[in-house]
Structures are given as structure tokens and as C-alpha cells.
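First chain A sits with chain B, and in the next complex the same chain sits with chain C.
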Partner chain A sequence: MVESRWWITALTHAVLLLGVLVVLLPIYLAFVASTHPVQNVIQVPMPMLPGGHFWENYSQVLGRGVPTVGNVPIAVMLFNSLVMALGIAAGKIAISILSAFAIVYFRFPLRMAFFWLIFITLMLPVEVRIVPTFQVAADLNLLNSYTGLILPLIASATATFLFRQFFLTVPDELAEAARMDGAGPMRFFFDILLPLSRTNIAALFVILFIYGWNQYLWPLLITTDRDMTTVVISVQALVSVMEEEPQWHLLMAVAMLAMLPPVAVVLLMQRWFVKGLVEPEK
Partner chain B sequence: MQKRVLFHNPWLPYVLLAPQIAVTLVFFIWPASQAILQSVLLEDPFGLSSQFVGLENFQRLFADPHYLNSLRVTAVFSIAVALLALTTALVLAVMADRALRFAVGYRTLLVWPYAVAPAVAGVLWLFLFNPTIGILAYLLRGVGISWNHYLDGGQAMLLVVIAAAWKQISYNFLFFLAGLAAIPRTLIEAAAIDGAGPVRRFWTIVFPLLSPTTFFLVVINVVYAFFDTFGTIHAVTQGGPARATEILVYKVYRDGFIGLDLGGSAAQSVVLMAIVIGLTVAQFRFIERRIQY
Partner chain C sequence: MAEVSFQAVGKTYPGSRTEVIKGISARVADGELMVLLGPSGCGKSTLLRMVAGLERISRGTMAINGRIVNDLEPKDRNIAMVFQNYALYPHMSVFDNMAYGLRIARIPRAEIRARVAEAAQILELTPFLKRKPGQLSGGQRQRVAMGRAIVRNPQVFLFDEPLSNLDAKLRTQMRVEIKKLQTRLGVTSLYVTHDQAEAMTLADRIMVINDGVAEQVAPPLEVYRRPASAFVAGFIGTPAMNFLAGRLCGDGRAVELAGGVRLGLPAPVAGGPMAGGTEGAITVGIRPESLRLDNGHGDLAVAVDLTEMLGADSVVHGRLADNGSTLVARLSGIVPARPGDRLRFTIAADALHLFDTTSGRRLDA
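Coming up: the complex of A and B.
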């Protein structure tokens, strides 16, 4: 920067550290609470350092579940969340990359009509068409199934646009050369276009995995069996019984488990994540 | 933009598009048209018959004090969330941009909440603000404020605003940081040589040049506050106390699934669709404008 006066630098770091504190405090205290027995957590003020009940609390919620919400092990719900998040991420990428390929590399009747049809999905999040979408899913027997959790959420205008933008920057010479060598469109797609899109796919995968993992309204509606539901929904189920039997230590352990996979993905794949998030807007 | 080299095949493009189009038609277009259809019908409570009532559902909706309350609550909620999340993120991004060598380190520490589900974010803050055991409620009692968001609508609103904004800070921070990095250093140095201090430089150079990013983020934050915070509201306050935090999306859910008022819920869906279309158009006008830069 331009100035290098010591107090400006000190102020800069003070503000940043305060910001980091505010951002990380809720996560830290949730972790602390998840490592104590319940009587420590409900005393006021609660302890500020982790306790010795880490294994007790986590093995209970993972292996045996919580009695007040049906004793379903959280491990089962973590698995459901994982299936849903991977299914949504992989499904969205697969169908979007194929449609972007069709729209960029072919001319055919109704091309623009299809393009606009996909575009419209951008304007219709689940939240605005709750009841009729639920009816469709119920009519198709999709309640309490992985297909029901995944399929309605995999149409994606944003991913299609992203791939379309990227394909438009791929040099025409590549397609030309492939055609001269006698490669058909699908050969070109699998041997040239797909390997070129690797970075874009990785970036998109991080964003979509988090999107899928954190889905709330749709799993809430479509899963009524406790052992088909996701870990985020089970956090809410635990909160709703907190009045009768406060088990904050277990609730916080479940909340930590619900955060861990997406936070780990963001931190480990930070480079792709930032690229995927910020750069499509440029 | 058009491709020069094209493949020719009479049926392949349709096959490639089929999965996307099928999902779109079944789960987007059909339900949306059902919502529009139901919004002009009045169904009897048993779902046996329905009659065409024109715009009556909409008239009923806008005469309903609960709906008007929900509109007001949503406006307050989304403005507060956007304002809080944007200003905090902007301050942190400007500081991180100054902290050159450490910027990536701070970024790593600040991106966490992006990955936390809105409902889980709500529960974390619920724990801190719990009237009996919450550490922040305890500290507030220490300075003479009695905190109970189960009874006080204003406090409940504050709680969900904090939880929703907390989660959105990381997203805004990343975009502001990218926006700041794109501002030419020479401009700032020139201003410094002319004697402008850091505060003056921020308001006359940095802030105006960030305005495309800011405008984009305002739209994104409003969309987030309108739709993605359903989980926060549902897990933390259930719209209460006394409908003080009942945002539009929560009301659609409650009227449709708990109240079973299909016509009313569908009319609300149609209003929401109009809002999303408005916001999307605003977003795209902005992107077009940015391309001309």
C-alpha cells in the first residue's frame, strides 16, 4: 500500500482479527459445547475450553443417534447427505455439459427455444413453487427416495451457461482438426472437450457439492422417514425437541458433523472454490 | 458469438439436450404452470372440486393483514441482512487488501461460513443467544439487557438477521477482494501523491470503482435473504413470535403445507416468481452493462 505508517498497519490487523473472531466464534463455541457433558454446557457461563467428552458425545450421535429424535444414527444421515450432494453435483455437471455442447456445437431447429427453456429454471427456485413441485414428486412416487432427493434439483441454468461460455472460448481449430481426422462429435466431446474442461468441472463441483449438501426445504418436504433424511434436517429436528429435553452437547456435535464435510471441501479446495465462485462473473 | 465449425447431425443435439429438458419440464415448467393455474382457482377443502375465481385469490392476498405483515417483515429482513453482510465484508476486504502478504491467510480464516448450511448457521447463533444458557444472552444480561427472542419480536428479528448475515459475509468478502484487486494501483498512488489520505481515496476512487461489484452483490444478497434463508427461519424462530419473522417464503410453506390453503399459497408463489424475475432481469442488465466497460 501507499502509506506504511505503523498505526495504520496495526489498525488493519486489529480489524481483521476482530472479523476473524466474530466469524469463527460460533463455530469454536459449538465445538467446545460438543466436547462437554450436558451439565457443563447448561451451566452459565459455559466453559471456554474443550472438555473430555469428545469421544462419548460423537460416538453416541454417530453410532446410536439421539433418543428424542428416533435413535437413528447420524452416520446414516451423513451418508444420505453425501449421496444427495454427490448426486446433485455430478448430475448437474453431466446434464449441463451435454446441453451446452449441443447448444454451442450444433445448429438445429428450436435451438434458441431450448436455450430459453433452460434459462427459465434460473427464475424458479424450489422455494417459489413448493406445493406443485411436491405434488409432482408425490405422483411420481419419489418421496423418501434418493432419486426424489436428487432428480428435481439437477436442472441448472447456471452450470449450462458456464460451460457454454467456456466452450465459446475453445479455439475452432480444435474442432476443425478433429473433424478432418474423421472424429465424430461424441469422439470430439470425450477426447478433446471434456479433458479441456477439467478445471471448470473441478471448480463447479466444489460449489455444487456445497449447494447439494446444504439443501434444506426440499429434503424437509420429501423425506418423512427418519432414516432417509439428511444431516442438516436432523439438526433442525433436534432443535425442535430442545424445549423438553435440552441436549445441547449432542445438538452441537450433530451441527459440527453437518458442517465438517462442506467446510473441509472449501478449505482443501480453496483455489478451485474461489475460482469457481468469483471468476464466472468476470 | 457463433462457432465457425459445427457438427451436423439431425438427431444428436436433441438427444444431448433431452435429460436437461426433461427435468426442466417435469420439475420446473409443469409445477410453475400449476401454481399459476391454482392461483386463479378456488378449491374446496377436500380437493374434490375447484372453480375459476379470476384474481380473487390475489385480492384476498393483498387484503390479508398477515400477508402485508409478511411483506413488511421480508423487506426489513432482507435490507438488514444485505446492509450488515455487505458493510462488514467491505470493511474486511479493504483491510485484507491492505494486508498484502497476509491476505490469503485471512481469506482462509474468513471463508468458513460460506460452507455452513443456513439452518445450521441459525442453530449456532441460537445456541449463543439462548435466553437461559447462551453466552451472549448472559453477557447482555451483564450490561442490563434482558434477552429473550422467544417473546420479543424485535430481538427474534435481530437474531435471524445476524445468523443470515454471518453466513453471507464470506461470499461478499471474496467478491469485494477480487473487485479491489482489479483497481489499478497507479490511480491510488497518483491520488496519494496529490495528497489524498486513505479515507478520501476510499470514497473518491475505490468505492466508485467498486460500484459494479457492489450492485451485483446487492442483488445476490437480496435473493439470498428472500429464498435461501428459509432454513434459518424454520430452524430458529418458525416465523414467530407472533409472525414477527415470517418472511414470504416461510409463509408460502406454512400456508401451503400446514394451512392447506392451495389457492392462497399458489397466489403467493406467483408473486414470488414475479419478484425473482424482476431480480434476475436486474442482474442481467447489470452484467450487460459491465460487458460494455
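Coming up: the complex of A and C.
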């Protein structure tokens, strides 16, 4: 701390509290809305305290689903989302750490060309290549499958670049010492490099899990079966119902449920996450 | 037991035309500790890494115990290396660091434990086996790096400036420990350093390398007493040797320094710089410590520029009155010379080192 006068402490706390309020208030309102019957929610002003329908609303969306989105239980969609987010996060990490390993530790023709090719794909987000990607996925019969949800999103230039930068900071002597110890390249990778990268992996996992969980456009295109869609899509589907009032209480319950897994991941991995961002172990 | 031999070993990096190692031939005897000594960038580390198998050998042959190892992987050469920055695996405990190579070699668990325990005991690391390298001091890390080398029972130890990351006091202490350990284990060793004190105290023989060429391979005292070239002479010894321009005269029985001072030689020098001649330009090397103060009859008159009093001895920097070239003298005791003072020095005839001015090679009787 630069200064420690009482009014500065008070001011900083006030600013922080204000920030927390701004972020938490909508979430609180969503929670309140998800515990009331629909009539209470649409009246003005909306109630500010939780109502008595918590169990009712949540068990309906989780177990039976909502009629307007095909009565598919949200539990199924949560599972779909989870598979997709885990698949994307794990796949991205596995692929990018291996490509970074190849680029940093092996000398092969066109090594830098490959690196720059990977790097250039940073400039092409999913949306830009979505039509050809959809065509390919459709030709490969990947519609309405987990593979279809995960595979096209699995390559990551950012993660490759991150791992490359980290590997470059690992002293060369470590690789040489492993060579003298008789470790082959893959052994070195699994025994030395992977354990050293674990904080980076954890930080990336958090970022990529949330990225995967929040995917909207691609799942929307690739899934047509209601029981293959993800929870994020169902939130949107609940809002844009035709000719009737959205069922705000159920919608908010789904939104709350959709929020939980990313929050859980962040909370559980927070310590690692921060460590990975600030002090890569060498 | 092992002997390492180099046969005209050379190294050129791919895509570059300059040869960094220019055909070195030498033989490291079984159980010998040879120090590779030279200024930074001279190729000493490269040569060591070629023995290790971390750098390819461009030409010549290298053999360990009679077996040519040019194309062998490091792990198949039965060698162990201690790196300058220790290169310990930061996420592994001291035990695992030492055991890693043995595990890869699929040595039974009980034997790994026994070998690591023994090495730890020798190196006094037993209390630290469970710690990570990050929780150890520099000297302890250094010992772990040595332990990792010892447990493998290698034929050859390679040391790449292992002490340069330690503070001066610890360095002196570890130097002695390394020497004791090497003598005790009797393992053939190659040791790279740029520190001449380290080289002089550790080596059975020193290989002085300059610009990819082995200038001299000899026991430490011989390197000091009879440097094979002007480079070796200037590199070994502190303060560095004085070099004065001069020429041979009197049928190789005397040298005349520029400025006219004539110094007799103990024995006539043959094969001077000019083919078949004994008269011609040479470089005269004089160690600062072989100059004696003799204000009565000294041959060399010196105007003092600066005196460094070190307590046990004094280092006088000055210029020769006759030709203005600088001269450094190291005199025992306290010599209260002040800038501008005139001193006269004498030098024993057998303490002169003569070098061919063009080739830098030593000239001898």
C-alpha cells in the first residue's frame, strides 16, 4: 500500500463494494425471479425478496424441461454443455501443448512457417470460417453429435502461442540434462515439461472451459435435435418464444443453472489460475 | 575405466563457414582430470558438449575407452554432466532428481535407493533428499547436480563451469570438494572453466584453448613455467605476463629490447624467427613476479605510474624508461613507490620467455 490513511482505506472499500454491487445485483434479481411464479415476476415492481417457488421452478426445468423448448430437461442440456466445454478445453490444451512442444524443441523443415501459419489463424475466428466449417461438418455426418460440437473449435493458436512462450523460458539445459539422463523426447515431455506447465495448463483450462461453455453460434448451427443443444442456446430459445410471454421465472432458473459450472470452475481453480498468470514455475 | 581421446576433432555449425573447433587432438588418461581452460567464446564448452553428445562432431573422431562415439546418443556414452546452472528438475525432489536417470535405465528400485543414499551421504545431502531444488542454497544445488552425476557410475564426468554461479568463498570450498571427490572416485573427468585459479588447483593437466585451437596440453605447473605460446603465457598468471618487443642477437645468446637494454640468455636459442637465422624480431615475456627490485644494478629502468599495495605483496605499474612500453612488477612485501618514482629492476636470465612474434610459439634452446 502506498498510503494508509483511514479515508483512503474507506474510499477504496467503498469503490470495491460499489463494483461488487453493480455486478451482483442483476444476478441477485435473476435468482429472485427464479424463485417466484411467473405472475409475480412480470408485475411491476418486481419482488426484491426470494419467493417460495424455488424447488418447484428448478425441479421443473431440470427434470421435465420447458414446453416452449421441446420439453427437454435442462439437466440434459447442462450435460451437453459440460461435455462440450470439457472437450474443447481438454482438446485445445492437448493439441496446443503438443504443437508448441514440436515447434520449440524440434528442428524440422519449415518449422517457422508452421509456427506462423498457426499464428495467422488467430486472425480467423470461428464466425469467419463458419460456413465452410459447417459444410465440412455436415459432410462428415457430425451434425447433432458431441464430436461435431467439439472438433471444429479445438485448434487454438492462442494456447499454442502461450505454451511456446512458456517453453522458451524453460532453460535448454533442462532438456539437455534429460537427454543425458537417457530420456527420449516424449519422456522429457511427460516427465519434465508437462509437470512444469501445470500452472499454465490450469490457467488455460479455466479460460478455455468458459470459452467452450459460452459458445453460442456454433452449437446453434450444428445441433438441430433439441436434446443435443447446449444450455446457453436454451436460454436464448426461452427468450425468443413466438406469440406468448416468455416464462421469465423458468428462464431465470435456467440462466442461474447455466452460470453455475463456470463459476464453480473459477472458484475451484482460482489459486492455480492466478499462479499460472503471475508466476510460471521454471 | 575410461580414457577419452580426440583425433583432429573439429566443429562447424550448420549454415556457418567458420570452424569453432579447429582440429583438436588429445588424450585424457584414465582417472585423469583435464581442465579445458580458455577465454569466453574460445570453444571450450563446445568441445565438452561434443564429448557429451549434445553437439555433433563435424570432423575427426572421438573415442571413449577405445569406442568411437561420434554417432552415439548421449545416453549411450556412459557419461554424466554437471551443468553451469545445475539444470535440476525444479518439480522433483532431490531424491527424484538423482534417481531419474536410473529409473529410465530400469534399474531395480532397491538399488536406486541404495545408490542415491550412498551418493547423498558422500555429498552430505541426506537431510535434504525430500526437498525441492528451490528450497536449497546454491552450494547444495551444486552438490545435487554432482550427485545426479555420481549415481550413474559413469565412465566420464563432464563439468561445464560448475562453480561459476557460486560466491567466491563457496567456490574455493567446492573446488576442493570436487577435487577430493574426483580423486576418490577415480573417474576420468573433463572440466571446463575460464578461471585460471580453478584450473591450476584442480587439473592433472590443463588444455589451454584459444579460438578453437588447443594451444598447450600440460600439467598446471608446466603451463605456468613453460607456456607453449604467447597466448598461454598471457592467459595464465595474475597479473598477466609483460610482453616486450625485442630481437635476438649474438648468435641467439642474448636478447636486445627495443631501447637498447641487452639481456643475456642461459643457453643459445636455436631456430629463430627467420629461417635458419638467430637474429630477428621476437617477443620477450617477463612474469611480473620474476622481476626483482635492484636500484643499484637493475637493467630495466621504470617510471612508476601506480602502485597497488595488496598487503603481502605490491604490484607496481610503470613504463620502461627506454622505450615507454608498460611493465607490471609484483614484488613481495610493501614497496612504497609513488607515481613518478624511478625504480630499477633486474631479471634472472632463465626467467625470460621468448616467443616468435608472428606465430606466437615459444622459442627454446
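In the analysis below, the second predicted complex is superposed on the first by the 249 of 282 C-alpha atoms of A that agree within 3 Å, B and C clash if a C-alpha of one lies under 4 Å from a C-alpha of the other, contacts with A are read in each partner's own complex, and residues count from 1 in each chain.
In this section, a residue touches a chain if its C-beta (ideal position, glycine included) is under 8 Å from a C-beta of that chain, and two chains touch if they have at least 3 such contacts.
Bear in mind the structure is a predicted one, so any value in this text is a computation, not a measurement.
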item: Side-by-side fit of chain B and chain C on chain A, or clash; value: fit
item: Which superposed partner A:D181 touches (first chain B, second chain C, both, neither); value: second
item: Touched partner set for A:P195, first chain B, second chain C, both or neither; value: second
item: Contacts of A:I120 with chain B and chain C, given as first, second, both or neither; value: first
item: Partner contacting more residues of chain A (chain B vs chain C); value: B
item: For chain A as apex, the angle formed with chain B and chain C - C-alpha centres, to the nearest 10 degrees; value: 90
item: Partner chain(s) touched by A:R64 [first = chain B, second = chain C, both, neither]; value: neither
item: CA minimum distance (chain B, chain C), superposed complexes, angstrom; value: 7
item: On chain A, positions contacted by chain B and by chain C; value: 176, 179, 281-282
item: Touch list for chain A against partner chain C, complex; value: 171, 173-174, 176-183, 187, 191-192, 195-196, 281-282
item: In the complex with chain A, residue positions of chain C that touch it; value: 52-54, 73-75, 79-81, 83-91, 100-101, 104-105, 148
item: Contacting residues of chain B [partner chain A, same complex]; value: 1, 3-10, 12-14, 16-17, 19-21, 23-32, 34-35, 38, 88, 91-92, 95-96, 98-100, 102, 106-121, 123-128, 130, 132-133, 135, 138, 166, 169-171, 174-175, 178, 188-189, 192, 198, 216, 227, 230-231, 234-236, 249, 252-253, 256-257, 262, 265-266, 269, 272-273, 276-277, 280, 287
item: Residues of chain A touching chain B in the complex; value: 1-3, 8-9, 12-13, 15-16, 19-20, 22-27, 29-30, 33, 41-46, 94-96, 98-99, 101-108, 111, 114, 117-118, 120-125, 127-137, 140, 151-152, 154-155, 160, 168, 172, 175-176, 179, 184-186, 188, 210, 213-214, 216-217, 220-221, 232-233, 235-236, 239, 246, 248, 251-252, 255, 258-259, 262-263, 265-267, 270, 273-274, 277-278, 281-282
